[in-house]
Structure formats: C-alpha cells, structure tokens
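When the chains are written out, they are named A, B and C in that same order, and each has its own residue count from 1.
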Amino acid sequence: MSEAALDVRAVWKYFGDFPALRAVNLNVARGECLAMLGRNGAGKTTLLKILAGLSDISQGTVSVFGSQGNTTDARRKTGVLGHGIGIYDELTARENLELFGKIYQLDRPAHAAMAWLERVDLKHVADARAREFSRGMRQRLAVARAFIHEPLLLLLDEPFTALDDRSIALLQRLLAERLAAGATVVMSTHQLREAMELATHWALLVRGKLVHKGERSPEIISDPTWVYRNYGEDS
Amino acid sequence: MGHVFTIAWKDLRSELRTKESINAAAAFSMVILVLFSFVLDISGDARDFGGGLLWLVFAFAGALVLNRSFAREQSNDCLDALVASPLPGWALFLGKAIANFALLGIVELVALPVFGILFNANWLRFPAWTLLTCALATWGMTVIGTMFSALTVNLRLRELMLPVLVYPMLIPVLMAAMQLTTALLVGEGITAEDWIWVKLLIGFDIIFTSLSLALIDFILVS
Amino acid sequence: MKNKILMAVALASGLYLVRNLYVILLQLPDEAAQGAIYRIMYFHVPGWITSFSAYFLAGLASVWYLIKRDPRADEYAVALTEVGTIFTMLGLATGMVWARIIWGVWWVWDPRLTWAFICFLIYAGYLMLRKTIDEPGQRGRIAAVVSIFAFVSVIITYKSIDWWRTQHPGAVLSFRAGEQRMDPAMEGMLFHNWFALTAFAGVIMMLRLGQERMQRELDALRRYTHSL
C-alpha cells in the first residue's frame, strides 16, 4: 500500500491553444482529504474531471492507485459528485440506487440500495419517483448514489454549495466515515469552513497552475482571505 | 453484456413510465399520415408511394424518440455519472440503441395497422420479408439517431443541428426501406433486382454499428 | 518564404489551367456523339476526383486527430473539407449544365446524382456543425467523428455507377474501366486538368489552413484575456 492514491505529473490541459491546466503536479497519499481552492476558472473543475475520467489530458500522466490512465479498475474504486446530481427523475429512489449498484457491479445491488436509502433517510420514499422529491431529498439521494460502492477515492466538485444544512451534515458524516475507513477525498470548494472541518491538506490553483499544496493550518479557518493574501496572484 | 441490458432497461423504464416521447411520436405519425392524404391523390389504395410515405412517417416520428435518447441524460448531468462509472462506452451506446430500437418498434406497431386501414395496404402479403425490412431499417435509423444524439448532446443549437445532420445520413436506409416496402406492398415481393437494397441495408447496419461502437468513447470523454 | 512558394504554385496552376483551356477549346476535336459540350467533362471528372480526394484526406486527418489530438490535424480536416465541398459544388454545377444539353433537364433523380447530392448535404452539415461548437477540443472530436461517418457516403457515391443501373455515364478513365474507352489524347487531357485543378485546390487549402491557424491563436488569446 505504498503507492499514492493519486499521482498527477506535469499535466497540461489545453482548450484549443489555451492552457487550462499548466504543468500541474499533485500527489495525494491514501487517507488524505484534500481541499482544492482557487477562483472560478482557475481549473479546479477541469482537474477533477480529469481525475474522474471525464476529460482527457493534453500532456503528462495521471495515476490512480498506481495504475496509469483511466482504467476500469480505477473507475470502480472512484465515487464522483459533480455539479449535477446524476440521478434519474423518472426512476424511483430505489431504482436509481439499484441502477448504480449494478453498474458498479455490487454483489447485491438491491440490498445495497435499501441499506443506503436507510442511511440517507429516504427509506420511507423508496418507491417514489425522484421527480417528486424536494431539493434536499434529491441531494441526499445523489450523495447515496456517489457512495453506494464504498469508493476508495472520492472526487467532489463544490460539494457543499447549494446543500441544505441537513445534507451538509450528512455529507460530512459520510465523508468522515469513508476517511476513517482509509479512503481518499479530493474536493474543490469555496466554503472553507465546511471543507476544513475534514480536510487534512489543501492546495491552491491559480490560473491553471498549482501554486501550493500543504497541510491544513489554523489560519485558513480563522481568516478567509489568508490563503489568497499569502499564495494568490497578488502576493 | 449485463451492462448493456442494465442501460436498456433503465431507458425503457423511464420512457415507458411517462410515455412522453413515444406518445408524441405515435401522435405525430398519425398527423403526418393525415397530412399526406391531403397532398397525395389517393383513391383508396396505397400504390407506388406507399413505402415512401410510410418511411417518411417513421423517420420524422422516430426522430422525436431518438433525439430524447441522450438529452434525457443531460438534465441532471447523469451522463457524467455514467461516464465516470466502470460502464464501458460501447455498452452505454448499445444499451441505449437497444432501448431506442424497442421504442421505435412500438411506434411502428401502432402506425402500421393505421396506415393499412387508411391507405388500404395489406401488410401480410410477405410477412417475413416485411418484418425483416422493418427490423433492418429500424436498426439503421436507431444507430444513426442514437450516435448523433450523443454527438450533439452538449451543443447549443442542438435542435437545429440534429435534423440537418441526421436526415442526410439516414437517406440510404430510408431509400432502401422505401424501395423494399413498396415491392412488398404492391409489387412481386423481393426480386433479384431488389437484392441490392437488402444488401445496402445490411451493409449500412454493419458499418455504422461498428463505427459507432468504435468511436463512441471519443464523444463521451471530453 | 512559405507565402512566396504558395503564390508561385498558385500562379503555375493558373497558367497551367489557361494552357489546358486553350488545348481543350481550340485543339481537341468535338466528341462524335455529344458534340462540343463533352468538353465540360475535363472539369467535371477531375473536379469530382479532387473533391473526393479532399474528403478522403479530411477523413484521414480526422482519424489522426482522434488518435493524436493534434489541433493541426483538425485544421487540415476542416480546410480539406471546405475545398472538397467547393469542388463538389463545381462537380454538381458542371454536371447539371451537361445534363441540360444532353438529357434536356438540369437534374434527374438517378442513383449517381442522388448520392452525389447526399454527399454535398452531409458535408455541408459538417461545416455548419463546426460553426455551432465553441470549444476547440469538443469541436475537433465531434467533427472528426462526423467526418468519418460522412466518408461512407463518398464511397457509396463512387461505387454507385457499379451498384445501380444509372443514366450517368459509366467509368471513362482506363484504370477504373479496365479498358481504353476514350481517345488517348482526350484521356491525357483529363489528367492534365486533374493535376492543374489539384494544384489549385492545394493552394486554396493552404490559404484556409493559414486562416484556421490564426483563428486558433486568436481564440487562445481571447480565452487568455478572459482568464485575467
């Protein structure tokens, strides 16, 4: 278990001639919880999409759990929660989770679906369509969808944005649980306070460049502008 | 293969629960049938134009079903969730194509008898050949429609671009299906001269199915 | 330097075309069956060959783009497809003029003509599609896949005179027909004009390529200013 969970080496991503990521190097050890900071357009989402296998790189290498490239095995171990919730409105809560349980080739998808519905407190509406759910319920279902295969690597793009209090608490609890089980978490975020409760490390992207990666320090939480004053473009 | 049926089941389940596009397609096909009856001078029998009319109806109504195929994945970024999963791209494509094929089949099952009644056409002259023609041509339409639905899913102006791209690509299938259907409806059945169209349909299906399966990954991963 | 070479080739192909026109119009005799109008063949046949070669190369460039993600391959693909489309229009137009004289109508729905027209529609769709996609990487990938799909229609068009009974004249070039079907002097002239038109097409293609490159740089600069 010596190799890192994530090893990103000299990664460039171009949109046409424009480099959205510039020579990014990032190493995330197993069990780490990394909060990725940066302004809008700094490349956080692009980097997460690359790690999730949703986007190709132009140059460089990305290894997930020691295997290079975007292997099926890496995908099976990864859970992704993006901007969209990734659930089907016309399917019931139970069908949604069973579907992803089957796609992730769980042994007992139906069983896992029911267990997760219970954990996110949606068991009473298991057979109602997702379309009928309130916003908070949909978000909890999305969280269950991303966690159902008990991923060893979680990639979360702005997970706390637009979540209600209950969902935030649930997500934090589940993340803490996964971390305790040895999983690795990478999340992009603007909400320093929520993220830093869990984060062990943080990194800062400025215009496609990774300018800092290090352990969490107390200043970040107490002073929201500290990061940008010390590591941002203006420093 | 399990993945393929998981996806096909999911698409069929969501569509059959609301029947949104399938109802629209069936209703639209009736509208076109009625409209054509005004344009063409039809005194009772579906003659030479019968096959042509029928496949135009299927092409226009089918597009409603096919357009929805990947658009359905878009609303909640479901496509991202699927692409990030261990599901292979080809299985996603094949599953969706099978679901679309079944949905188009349902629309055709509704439209064929109505067409038969309105235009006095007898579908049972060569039942096996009719079924084969429908199956081959529908699969061709399905493959092209599903692939272009995937191609245009993230485009602004996708409603404009889809018909401009899809219909010219479909012309070979439609042409072959029209020729064969007309032969089956009013002609002598499939004669030696019609074989080129059967071969064209089979060739089209094989070529475009393989191209789609080979190229779908380039479309899904950005 | 590059521009000078390009201008030189453009000039040479222009002079070559003028020389060919002189021979075609003034030196070669009328054809026995068709009379004077047969001369349009010297533009029709090489025009189509140039067009289809351009589509073929565009297809290759598209495959290359999908494998290597090299933006230059995408630029070649679009430049070649545009040139191919221009020559498709030339081919359709010359064919229609010829048909008006020989058949008495501008157009018949004959397999060869129909397939050629389908080709035109498909590649026109390809060019329109490109205009609706802003992100260059996405544009390149989607366009490359469409280009590969579209090339199937070129193959069908090319083979349509063998597969269907058609009003369109059969193969004339000896390498395709497998025998000498026309006077060697006339066939030789076809090749002369083919070279001239291909050189001309190459020049337009290179000019378009330059524009595409500049467009790519502009696009990157714009994105860069947005990121500031």
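Simple rule for what comes next: a contact is a pair of C-beta atoms (placed from the backbone, for glycine too) under 8 Å apart; a residue touches a chain by one contact, two chains touch by 3 or more.
Remember, predicted model here, so these are calculated numbers, not experimental data.
Student: Whose Cα centre is nearest the centre of all Cα atoms in view?
Tutor: Chain nearest the overall C-alpha centroid, as shown: B.
Student: Measuring centre to centre with C-alpha atoms, which chain is farthest from chain A?
Tutor: Result for max centroid distance from chain A is chain C.
Student: So what's the Cα centroid distance for chain B and chain C, whole Å?
Tutor: Taking the mean C-alpha position of each chain, the two centres sit 32 Å apart.
Student: Taking each chain's centre as the mean position of its Cα atoms, how many Å separate chain A from chain C?
Tutor: Centres of chain A and chain C (C-alpha means) sit 49 Å apart.
Student: When the centre of a chain is set as the mean of its C-alpha atoms, what distance in Å lies between chain A and chain B?
Tutor: The answer is 38 Å.
Student: Would you pick out the residues of chain B that each touch at least 2 other chains?
Tutor: Within chain B, residues 222 contact more than one other chain.
Student: At least two partner chains per residue is the criterion; list those residues in chain C.
Tutor: 137
Student: Two-or-more-chain contact residues of chain A, please, as numbers and ranges.
Tutor: Residues 56.
Student: Quick one: which bits of chain C touch chain A in the complex? Just the residue numbers, please.
Tutor: Interface residues on chain C, with respect to chain A: 69, 71, 135-137, 216-217, 219-220, 223-224, 226-227.
Student: Where on chain C does chain B make contact in their complex?
Tutor: 66, 114, 118, 121-122, 125-126, 128-129, 132-133, 137-138, 141-142, 144-146, 148-150, 152-153, 156, 163-164
Student: How about chain B: which of its residues touch chain A in the complex?
Tutor: It comes out as residues 2-3, 6, 10, 13-15, 17-18, 72, 75-78, 80-88, 221-222.
Student: Provide the residue numbers of chain B that touch chain C in the complex, in ascending order.
Tutor: So the residues of chain B touching chain C come out as 147, 151-152, 154-157, 160-161, 164-165, 168-169, 171-172, 175, 196, 207-208, 211, 215, 218-219, 222.
Student: Which residues of chain A touch chain B once you look at their complex with the stated criterion?
Tutor: Chain A reaches chain B through residues 49, 52-56, 70, 72-73, 75-76, 78, 80, 82-91, 95, 99-100, 102-105, 129, 145.
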